[in-house]
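Take a look at the structures listed below.
Both complexes below contain chain A, partnered by chain B and then by chain C.
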Partner chain A sequence: MNKIVKYKLNGKDVEAPEGRLVIEAAKDQGIEIPHYCYHPALGNPGNCRMCIVEVAGAPKPQVSCRTGVREGLEVKTDSDAVKRAQASALELHLVNHPLDCPVCDQSGECGLQDYYMKIGQYSSSVREDKEHKGKRIEAGPHVMLDQERCVLCTRCTRFVDNVTKTHELGIFGMGHNERVEVTPGMTLDNAYSGNVVDICPVGALTDRDFRYKVRVWYLDKTDSICPGCSRGCNISVHANTQRPWHNDGKRVARLKPRVNMDINGHWICDDGRYGFSSLDSDRLGKVLRLSPERAELSWFDAAHEVAAKLKDSSIAVVASGMLSNEDWAAYKALFVDALKVQGHYFTAEPDQLGEEDALLRRKEKVPNLKGAEALGLKSGSFDELKKNLEAGKVKTLYVIERDLTKIWGDKAAGLLAKADMTILQGPNKYALGDSFTYRLPATAYVEEEGHFTNFEGKVQAYKKALAPIGHARPDWDIFALLKKAVIQPAAKVAA
Partner chain B sequence: MTKILTKHFDSEPKFHELEAYRRLGGYSALKKALGQDRKALQDEVTKSNLRGLGGAGFPTGVKWGTVPPEDKVPGPRYVVVNADESEPGCYKDRILLTRAPHQLIEGLLIAAYVIGAKDTFIFIRGEYQNQYDILEKALAEAKAAGLLGDVTIHLMRGAGAYISGLDTALLETMEGKKAWPRQPPPFPTVAGLMAKPTVVNNVETLSMLPFIINEGAEAFAKIGSPKSGGTVLFSISGSVDKPGLYEFPMGTKLRDVLAACGGPKAGRKLKGVIPGGTSMPPLMEKDLDIELDFDSVRAAGTFLGAGGMIVLDDSMDAVEIAHNIERFLTHESCGQCTPCREGSNWSERILERMLVGHGEQADIDNLARVGDNITGKVICALGDTVGMVLKGYIGRYPEDFKKRVKSS
Partner chain C sequence: MAITIRPVTRPQRTFLTEIYLVEVWRGLMLTFRHLFVNLFRHTMTLFRIKGFLPGAVTIQYPEDAAMLGKRARTRHRLLKRDDGAPRCTACLLCETICPAKCIRITAENAPDVTVEKRAKTFDIDLGMCVFCGYCVEACPVDAIHMDANEVELSTFNRKDMIWDMAELLGDKPKLPSAATKAVDPLYGA
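Then we have the complex of A and B:
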């Protein structure tokens, strides 16, 4: 940390570490200086000229994103000259902007709109026609590019140059013909491409997955943790519940990164960002017995029916790193303490393994294997489980939130059939969902709150964004119900 | 009239060849400089009041002094010759490269010695094909004669962008990037080419060095005005009888310059004189007695620039001139920062509308306002000139602009 120096901000004596950029130091004091090109993780080219401030003694206005705090510095962010300079910079940004806000997906979270409301001139002096550039350019599988809306802040090109180092976007042409373009021969398909949509301060880069689904002001935003891998990236769940007929009837509209410099910085990967379709499809909502005769049960009846069969059976539990710390604790109380189960299987198998890189993505695609480890739970190998199933040693197979076909492929159905009783607990039905004896619906992570412990051992909380579907309950709650039924059978309760 | 750079141009047609150049004393300054104390040489240049003749007018010796010493920042340092002359109205470097390539090479080698550069670069405007050939030949001559010592002179050619003539954009171009000016600090002398200490000097500036070394700082300073030493080249065009390249001592009166070149043309009244290339607003009739150097021209509200002098007469229209210049600046704006990118194009289009008879009083006010909003709020000097030209012409020739307002 640099030494703390005193400086004057709008006439007020304040302190900041020496060399801290004025744009950041002012933010520390609650003063937001308008800006497009500056981004704390992408540098300060100073090309948008929005963050202009007055510095005492300087011959001309300075950009606050390139001015460091020093002892005795005097900065004004609110003088008439500054307001005029910022308003005029905004005016020049808008000369050729199409002003198509009513049909622009960025509306409601657009830097041009926001600053226009705050510092705009409110009367246009532009009588000339707009210059035209390319629209609806499919930059990549996730990103749509509109060159007319672009303010050429170069955040996106700096992202692909400096963060992913993949260079799919560049500034082409010169002067007023300049535009962001996809590098010839390339497509914007790196593993982090969605981030350019977040950092684009205007509607030039929009999300193809989200476009035209919901107006952003109808979204409810909840802090959460991405369950896509063991990194534990901080995200915000943007849910559409106010207008349920929008977004094709789906509740979760999009996931956005939240800044956490200790975990994910400013970014999330595309796998995490777009991997939320299972939250609104293939969901379980009913407590079901599927065989011998299909019946919808109450939680009370189901718990006692299952608990009675669990006792004195040889049980194997297939669990998953999708469980929260709270779930793992209840899991342990039920399966280890009460039922003395020997066979626990929760390692990441092909169904939960994927690509890893130096930026964020981790190999194991579940958030919380560390949580199980912290409780001393140990997983056996799936090969061992397979052998035991084949040998008929497993009478009851309890599967929590896993798709066995993605572990054992075609053999999964046969292996499942080897057990006398099978239970599927989880939010989704998956491929073999109809082949189980019981189906217990659990909440998805957006419908509960809890904690994940990431691969570094950092414990992070996620919050409840949505109501559970149907009769779904959190996994810990189901484990607790079952434990109670194991310890205290129904007959006694009834008596 | 004292001449330094063009002294032998009329008498020696083969001044561009090594034999003639040496016969007339060429490379004696280099010989004299080599082995001398480098700091002393730098002080000598500072004392000479040599100013950057590429347009900025920054004292050359002072600029050299900002290069960090080798014991503090070890590693290579570079000298780059800015021969990317592109300012409309300027052709002095073209003629210097054509007629006196050895004068430049000698100056460059002196600078390289003072700075401690082993690799030096001449970045030459891409369109200057003849000059490139001449320079290449001269370099081969100098090399064969063993004059380069352990210094390498690399020739690099521009790709046609006006903005590359700006030192930091030039460095970006040399690194293979888009010619987007950098925003100092750091200045190139601290972190220039490949982030190494780099001195960027204009052709004319470096060509002055042999004289300064041979004749001494005092003799050079004495030729010029108190704060601008030596002579300056004017590329004169426009309403004059004898257009061409003229060398005058710094501080020569505008009136005398016009007398020498015969401007304005007979039967015409003087409308103004663009002193330094089209980016600079014109000097007016009232300025005829100012002594042309960096400071006095600046005091008159414009810039000496690179000496691209264009004489305007009463047959010319200020709106047409302003439109022409804005069209050029719009075309050449690098597009990096918004006020210049959008403002140049916008003002060009407003001016165009005025030219075709759809001007309004509001347009004039708007142009002045937009100009004011650009100058001083952009990254580089090109952007500044976008606004300067607007304000300059509207302020100097309000009648011409009023004539373009539609009477309703």
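Then we have the complex of A and C:
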């Protein structure tokens, strides 16, 4: 830690560690200095000239992203000269910008729009025709490139050079022809490519998945935790509920990373970013008994019917790391304490395993196996469960948020038929959803509150972004309901 | 432009205004003056005596057509480019500004790269529209006007109040349709 020095910011005496960049030190004091090229994780090339400030003693204005704080420094961020210099820099950035805000997906969260309203408001002195460059270039599977809108801040090229080290983007050409382009022979196809959309301060790099789905000012933003793997990246759920005809009628429009230097830094992977389709398709909303005859039940009736059959039966429970800490606690209270179940199976099988790398992605693609571990729950192996099912030892199979066909393949349907009673609890129907005896709808992580424990043991809260679908309840609520029904059967409640 | 202040004096209350009788008398004088003046003018017109102003007119609506002012805000109309494509770029500014939330637009890629974006669907629910004209003001590409000069838009069901893009463009006549039951795609199976 550098020593703390005193310096003057807009005439006020403040303190900061020596050598801290003025742009960061001012942010600590609540003063946002406009900037495009500077990014805390990607360095400070100082090419956008937007973060210009006045430094006492310096003959010209200085860029605050390359000026360190030192003893006795006097900085002004709001003088007329600074505002004029920043407005001129902005005007230069907009010389060849097409100003097509109405059709640009970035509008509403665009750095050019924000700073024009904040410090620009000039009347343009450009009379020449605009230079035209490439539009609608498919840079990769997730990213659309528009070279005209680019301000050449080089954040994206620094990201692919320094963070992913894949070098798919580069700056090509000179002068007015200078532009961001995909490196010849490559496509922007790496596991973190979606992040270039977030760091792009303008509409040059936009999300193909989100393209023209819904305007950003219609979105509601809720803090959440990515359930895509055990890393527990901090995300923001952007949902479109006010105008349901947008986003193809789906509620969740996109997921964006939140900065948390202890977990994910500034980034999230593409698997997590685009892996939200199950939230709005294939969802369960009704409490159903599917056999012997199909009937819609109330939660009370369903809980007492299921509880009566769970008692004194040999039960095996297939659970999933998608459950929150609260769910696991209720799970333990029901299956371990009340029903004394021996067979718990929740390890990550092929259905929940994937690629991992050194940056963020983890092998097990569920967020909260650690939460079950912390409660002392032990998982048996799925091979053992398969043997027990084949031998007919398992009378009741309780499946929670798991697609059995992805574990056992074609054999799953046959194995499921071996059990006398089968229950599916979860937000989605999956492939075998119609073969169960009972189907209990549970909320997805965006429709409930809770905590996930990540692989390092860090507990993080996620918030409720959306209303549950149909009659769905949180998993812990269903477990609590069943436990109550197990302890106090319906006959006694009626009496 | 600087804001200027112009003081306005309220009419003074006096004994004569407070007892009302005088004011009622003055009001009735005005009413009867119009009655007799118009009666006189219509009588002159009836006997074809020229040299007098025409009497006040009552339009026999709906037997006679209503007369609309030149700047009246009537049913919306979507405009086309020279090449026949709709002008609308689906920027959703009209949908955003609309205080009645009666405009519903979904967007898609336009075939022309320089145009970028176009409307896939563009519906206006005239049953909800308050005819404020904000959509016309908000449009950056002059794609929507409220000058179709139609004000007789009532239908027998609410669904028929919704005009789609082809109808607003004038490509398709607005015909009544059988209302279909709305299905909520999100409600689980």
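Everything that follows uses one rule, which is that the second predicted complex is superposed on the first by the 493 of 495 C-alpha atoms of A that agree within 3 Å, B and C clash if a C-alpha of one lies under 4 Å from a C-alpha of the other, contacts with A are read in each partner's own complex, and residues count from 1 in each chain.
Definition applied: contacts are C-beta pairs under 8 Å (C-beta built on N, C-alpha and C of every residue); 3 or more make two chains touch, one makes a residue touch a chain.
The model shown is predicted, which means the values in this text are computed figures rather than measured ones.
Judged by the touch definition given at the top, the superposed model places A:Gly249 against chain C, while chain B stays out of reach. Touch criterion met: A:Ser125 reaches chain B, while chain C stays clear of it. Contacts of A:Pro441 after superposition: chain C is touched, whereas chain B is not reached.
After overlaying the two complexes on the shared chain, residue contacts for A:Phe300 are found with neither chain B nor chain C. In the superposition on chain A, A:Glu178 makes contact with chain B only, while chain C stays out of contact range. For the contact definition in use here, the chain B contact set and the chain C contact set of chain A share no residue. Those residues of chain B lying in contact with chain A across their complex are 161, 178, 183, 330-339, 341-346, 349-350, 353, 362-363, 366, 369-370, 373-374, 376-379. Residues of chain C touching chain A in their complex: 89-93, 95-96, 101, 104, 106-109, 113-117, 140-141, 185-189.
Only residues 45-49, 52, 60-61, 66, 84-85, 88-89, 91-93, 95-96, 125-128, 131, 151-152, 171, 173-178 of chain A touch chain B when the two sit together in their complex. The part of chain A that touches chain C in the complex is made up of residues 100-104, 135-136, 211-212, 215, 217-218, 243, 245-246, 249, 251, 280, 283-286, 429, 441, 469-470, 472.
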